[in-house]
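Scrolling down, you'll hit the structures one after another.
Presented sequentially are two complexes of chain A, the first with chain B as partner and the second with chain C.
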Partner chain A sequence: MSPAANPIPPKPGLLTALKELPKNVWNSIFRNPLPSNDLEKSATSFTNFFLHIHPVKVHKHSLKPTYTLGLGLISFFLFVILILTGILLMFYYVPSTTQAYDRMLDLRGTVAFGMILRNMHRWSAHGMVAVVFLHLARVFFTGAYKKPREFNWVLGVVLFLLTLFMSFTGYLLPWDQLAFWAITVGTAIAGYAPVVGKDIQFLLMGGTSVGQEALLRFYVLHVAVLPAILTLGISIHFWRIRKDGGLSRPPEADATPALEFSAPAATMKVAGPESRKTYGLQGLVRGPITKAGQVPDNTVFSWPDLFRAELFTFVITLSAILILSLLFNAPLEEPVNILHPPNPAKAPWYFLGLQEMVSYSAFWGGIGIPTIFVVLLFITPYIDRAQTGVGKWFAKERLLANTIFLTFVLANIVFVIIGTFFRGPNWAFVMPW
Partner chain B sequence: MAVNLKRSSGTGASTEQIQRRRMLGWLTGLGLFGSGILSAVSNFVFIKPRATYGQPQRFSIGKPDDFPPGTRATLGARSLCVVREGNKIAALSTTCTHLGCIVGVSDTGFACPCHGSRFDQDGTVTGGPAPRPLPWYKLTLAPNGELEVDKDIEITPGSYLSL
Partner chain C sequence: MRIALAIGTFFILLIHGIVFYDQFFHRWERNQTAYFDQARAMAKSDAERAALSDRKPRIEQIVVSNFGETRVDRCTTCHIASDDPRFSTYAEPLKTHPYSIAMGDVQKNGKWERRHKFSEFGCTVCHDGQGRGLEPKYSHGEDEYWPDPLLGHTTQDSWRKDYAPKLKGKEYLEANCAQCHTDPGFAGTATVEKGRKLFFATNCYGCHRIEGLSDGTIGPDLTEVGKKWKLDYLWGRIADPRAILATSIMPKFNLKDDEIKALVIFLKSRKGRNFAETEIQRYKVKLTGGAELVQATIKPVEIKPAEMLKQGEKLILDRACTACHKLGARDGGIAPDLSFEGSIKDEQWISAHFKNPKSTMPDSIMPTFRFTDDEFKAMTAYLVSLKTAPALTNGEATYKALCLRCHGDKGDGNGPIAIHLDPFPRDLTKAGFMNSKSDTRLVNSIRNGVAGTSMPAWGKMLDEEQAKGVLAYIQTAFTKEPRRELKARQIPEKNPIAMSAESVARGEAQFVNRCAGCHGKKADGKGPNSLDIQPKPRNLRNARFVDSVDDRRLFEAILYGVQGTAMPSWIDYGLNNNDVGDLVNFIRAINQKPKGGQNAGTNQ
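Let's turn to the complex of A and B:
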């Protein structure tokens, strides 16, 4: 706008200022009106701090609930619930062997909302382990880890391991029988790792047995170190999704009259080193310089479609956790008795497969086989280089990879079931009926 | 596949200057990398406790008369089992050699509740995943007439202290 067209407005009086106060405050926070046209829709996405991590437009395929099942998003929301409830629990929790258990009883008995907060924290934690793993499985079965998403997959495996470590460290904090013996066994498994095992075990426990030092260490890891690393990791994970070109999708999803220049190599030449011409930032962006109106557009504005879907997922996730927390109380066993492990002493369900394997061989069950599985996960995108079968569930081309993955998963599930239902006192085989 | 832009040395620096610049770049990188490694290592040194706050490893368990012949008494807090046969006495660990649960005394010896390891009276493994027998600890009769256990010293299973 030229200055001429817009003369200095008259100084508004105090009364006007007061009258316009609510509107002005609102407008100073939200620069955009509720969007009614395309320009405003995109402006809304990038002038709002919380919305601007989203792309302005998303591919229609990415919005299909049957593709992602919303699992990544649910993992994230569970993480948010965990952080919020966790911070509240910290107001009452004391990481001391003489007080921790009493504080659990206080949460149950005297603290306002203590019970529901603890329940929410516990069920979200279980939920997050399950959902993060399901998300990993979804990414695997849809071949979404393939180029250019290799790194985000590797980062994802790290996030999965961190999630497990989070739940492992949190498990000790109530300082009840379950906690104490699960961690005694868990740290002892670490001790079987070759060369560094004993050192890791010593570092984790801060001594030779699970006691005050271990409790303090696990507390610090659980409330500070691991959440910080996880937050950083999730941020990079999200950033990479956009840098990797949004979510994976099958080639068909983009195929309507394919235009010549969609071959990136051809367009990249433009800014080659020999060229004397100078280019603006647009010229350096990969791909065609102007897409508008030239490529088939299979995208929709994030506002409102994506945001509506996200809000819906959030509400469903939170409701599910609330309902679970109202119906079921987080378990609390007897206070720690270092003389008598409960018999049988069982780990939480997601570690029961490990515990079952460990009952055959501590090294192979606790270290060997899990390490093989994790290493396989890490290198998968660098071994499986075929570009076919991306973006479809259980693509025929991926039969081999999917079968191998499924075998590991099913084996673990079988071990979890045996460990949960078929093991009685002294870990003897029993029939559950 | 990334776009290649020619790096221009805008000031028309001589080759010598460029080499020095490159050298300084390398040194800076090396310095940063070195400091990174150093601080990572110091962190590990820091979190590895120099002193532990647990129970002492060497302690007295009472007079021989507290354990009449035929005793097989577990001293829970010490995770020990004191065995006396006639005039021979010994102290076995009750910490399972598999993954550290406390074994219970059973009819045939010891049984572990965690993954089902079983041991005979001498602590030899008779079943389950435990890789090693239960350790026997050094037991001495101190001048004041008290029995003293040193959990830092393991002795050959079967070597009793004669009273």
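Let's turn to the complex of A and C:
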């Protein structure tokens, strides 16, 4: 059948085609065999859609688990789990005050895998809030926000706030007493903002109290608006990591060992023509790590070290979430009863620090101090311009900055703990035991 | 790293395994399979067997739309044999729902036919519980968050352990029967009816409103109480009101368990709108405020002058005054003894107290009953006629007969009904107070009473000598400390400051500064410090009391304090006669009655 004009290569027999079918399909998907040399290692990273956002080579320092603790990756994987479970949950959920709670009961009782899905979504959401914050703290304590990573830090803070908002909007959806009153409290805190507070509150709730309009708004924000923004933000965040020269590291990590060939070079097997530039494309990219040829440095190929580390992080994250979801069921309290608020009505745990502070002063606790903290976070890289202490945990040079940050963090943690465990009816101090 | 990866992956697989196992091997599937097996064994024909062989385990559900919001009941997924008469001797969940003639089921040609078909009623309309779940814990409502656990069957872990066993039993289901069978005479809701009668017999109606039944305003509205609260809470609020809310003024009525149960079932049946009502009926009740129905429940009695006393007596008993008060052998154990009311109160007082208890005793918890004037007259006449005093042989006997109910057998003011009285009965063991007052003053209190409080004037029953006898008994038995000579005090007989707007304003400023902490900004004795003080600060808006004491006594209390109480001697804090004069004017001013008869507001 092949046109006569193209006689070469000769037409393979049908039998051969069938015989080679699995191999051909495989090869059509994966362009490269499992890499056995540097060229193939780099090609693997370049030609795979999912791997090509990684650099071909990665600095050894970035692979140190004690430096990053894998927190950024864990946040990302939690986000992936959230997206996947969230989409599945969307098949069953109806954002209606009359149906939402029934749907929760269905998910818990009848829908196949409904309970585990909901548990995974719940615990991943809480986990993501916590891990994103820890990631932020890690970046701060290692001074990683400094030039040239200022903007990525700012973006990171935005992503953190978005994560909080994402979790907050999801909190309402089960439409039980816990959800209803937590959101009532949470939106009330927003209402304490000067001038625009009441308007923001009204805009969020679509009315003067939490009701059908609020449920719909929170739903749309939760499943469409915020995930889209968050996905975009995360993409830029990742892109910026590469454009800013990989993860932060101390200057001494880049010191070239005296003319000693680095590990990959030493183990390099000659496969293709040796003179060919392995990283041709990278040569066109401007930036601090641009290099061509085999300049001795402290980098290793992403394949397999980086990818294995990422896989490991993913497996750990998923196992943890699965175990949690198997052991603990996501809470589902009474159906909403507007006339019967629980005492005390508590915001979601990550806002309990705010609520605790609100109990002392509505404005300062709910708006003033959090705003100061967030503004400080935003401008930190533009204030703290010294280039010392980057890439080291709790560097002595950064004692002041770390202390200020730690004070805020610890204060908030203490308030969250007080608000969560030590507050009883009428917000009176109680012992949790 | 590889090992860690392997372990992690193993966990993921393991959990997937568990989750999948859980998902595909449900308990309800096993139940259904067991049912099919049993039913096949019982089958009489091949066709029946074949039909059963075709049935595979699946989720069964009944969608009920005739009763309120649409319900989805999946109970029959496990209780699959509920309509199969052959399984009547099996254990749950494979047990036939009993057939009963009382429920309206009929037997035709040896086959039962249900009056309440499951396909129409579902399960939760009668039984409560959570129809959507497939796990017993959740569907039976065992988790503490579910508002309607299976009525009379499932108790939740958070319920009080001593109440939980009492909250089981078929009678509780009557609360749901009454959602459709609203006729009070309906045989199937006998316990609801018993509860309804008790609601009136124990005088719940005096304080509580239930739309269409009663219109009390002192306690919470109970129209939707059955929808809001679980059995455990209802039982607790009746059996021991202060265990749930320490500041509750609801008395603990002397009720037996079966009476509480009937009341709980009655209250559980109060869910606002029931299934038998239509929107338009509901609206009509709203328009009239339920007044017609209230009057239909408590029918006014036509009073014939000739039989006034008799009718009054009957009314007092019928309208459940003795749910709180004592009258002869009947004793509610909550309010004062009426057995010799004619000797301690006059017709005018009783009549005023009936029409508005707070007019004679501003802090009384007695509800205002809306009976007709004639009825009040008859009841007053009957009470006035009660003049038989008990045997008052000596001081001790007199104390026990007249004083003990409030002041207690230890004389510490903790009598059986004391917690329902405001102000609290005087603690007679406090020597500081008792010895700071002259005998004349104390005897005066006994014989003339303390106006505006529950302390009646015993003067008609006790002459001077008898009163002294009681006082002597109190002093030896309770106060114990010997009397001391009273120090002379310099107290003006009359207020030296003339009543004027300026003086009252000065007095108010003084009051807010110095007195409001205990007596409260409104001078009603409920200031922020009052919670920790016993006896409670005086309610200075109690006009009857304030009018009954002269300037001298007010001056003495303020200048020299009241020993044995938290009231300090204000001389020590720099108040002089002029300051106190302003204060006294202020206190008098807020108790002045304008012509309308209401207490005057603060004089601004």
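One rule holds for everything that comes next: the second predicted complex is superposed on the first by the 385 of 433 C-alpha atoms of A that agree within 3 Å, B and C clash if a C-alpha of one lies under 4 Å from a C-alpha of the other, contacts with A are read in each partner's own complex, and residues count from 1 in each chain.
We adopt the following convention: a residue touches a chain if its C-beta (ideal position, glycine included) is under 8 Å from a C-beta of that chain, and two chains touch if they have at least 3 such contacts.
What you see is a predicted model, and the numbers here were worked out from it, not measured in a lab.
K.L.:
Please work out whether A:Trp26 is in contact with chain B alone, chain C alone, both, or neither, and reply first, second, both or neither.
P.N.:
neither
K.L.:
Taking the superposition on A as described, I'd like to know which of chain B and chain C A:Ile316 touches: first, second, both or neither.
P.N.:
A:Ile316: touches chain C, not chain B.
K.L.:
Go through the superposed model and pick first if A:Phe91 touches only chain B, second if only chain C, both, or neither.
P.N.:
Once the two structures are laid over each other on A, A:Phe91 reaches no partner at all.
K.L.:
Count the residues of chain A touched by chain B and by chain C, then name the partner with the higher count.
P.N.:
The partner making contact with more of chain A's residues is B.
K.L.:
Figure out whether A:Glu213 sits in contact with chain B (first) or chain C (second), or with both, or with neither.
P.N.:
first
K.L.:
One more residue to check, A:His340. First (chain B), second (chain C), both or neither?
P.N.:
both
K.L.:
When the two structures are overlaid on chain A, which partner does A:Phe49 contact: first (chain B), second (chain C), both, or neither?
P.N.:
Touch status of A:Phe49: no partner.
K.L.:
Do any residues of chain A touch both chain B and chain C, and if so, which are they?
P.N.:
339-340
K.L.:
If we count contacts the way the header does, which residues on chain C are in touch with chain A in the complex?
P.N.:
For chain C paired with chain A, touching residues are 1, 4-5, 8-9, 11-12, 15-16, 18-19, 23, 59, 69, 72, 74, 130, 132-135, 138-139, 145-147, 228.
K.L.:
Using the touch definition from the top, list the residues of chain A that touch chain C in their complex.
P.N.:
98, 102, 105-106, 108-110, 112-113, 116, 176-177, 308, 311-312, 315-316, 318-319, 322-323, 326, 331-335, 337, 339-340
K.L.:
Residue numbers of chain A touching chain B in their complex, please.
P.N.:
Residue list for chain A touching chain B: 181, 184-185, 187-189, 199, 202-203, 206-209, 211-213, 217, 264-265, 268, 271-273, 284, 338-345, 355, 358-362, 366, 425-428.
K.L.:
Chain A touches which residues of chain B in the complex?
P.N.:
On the chain B side, the touching residues are 1, 3-6, 44, 47-49, 52-54, 74, 76-77, 79, 98-102, 104, 111-116, 128-129, 131.
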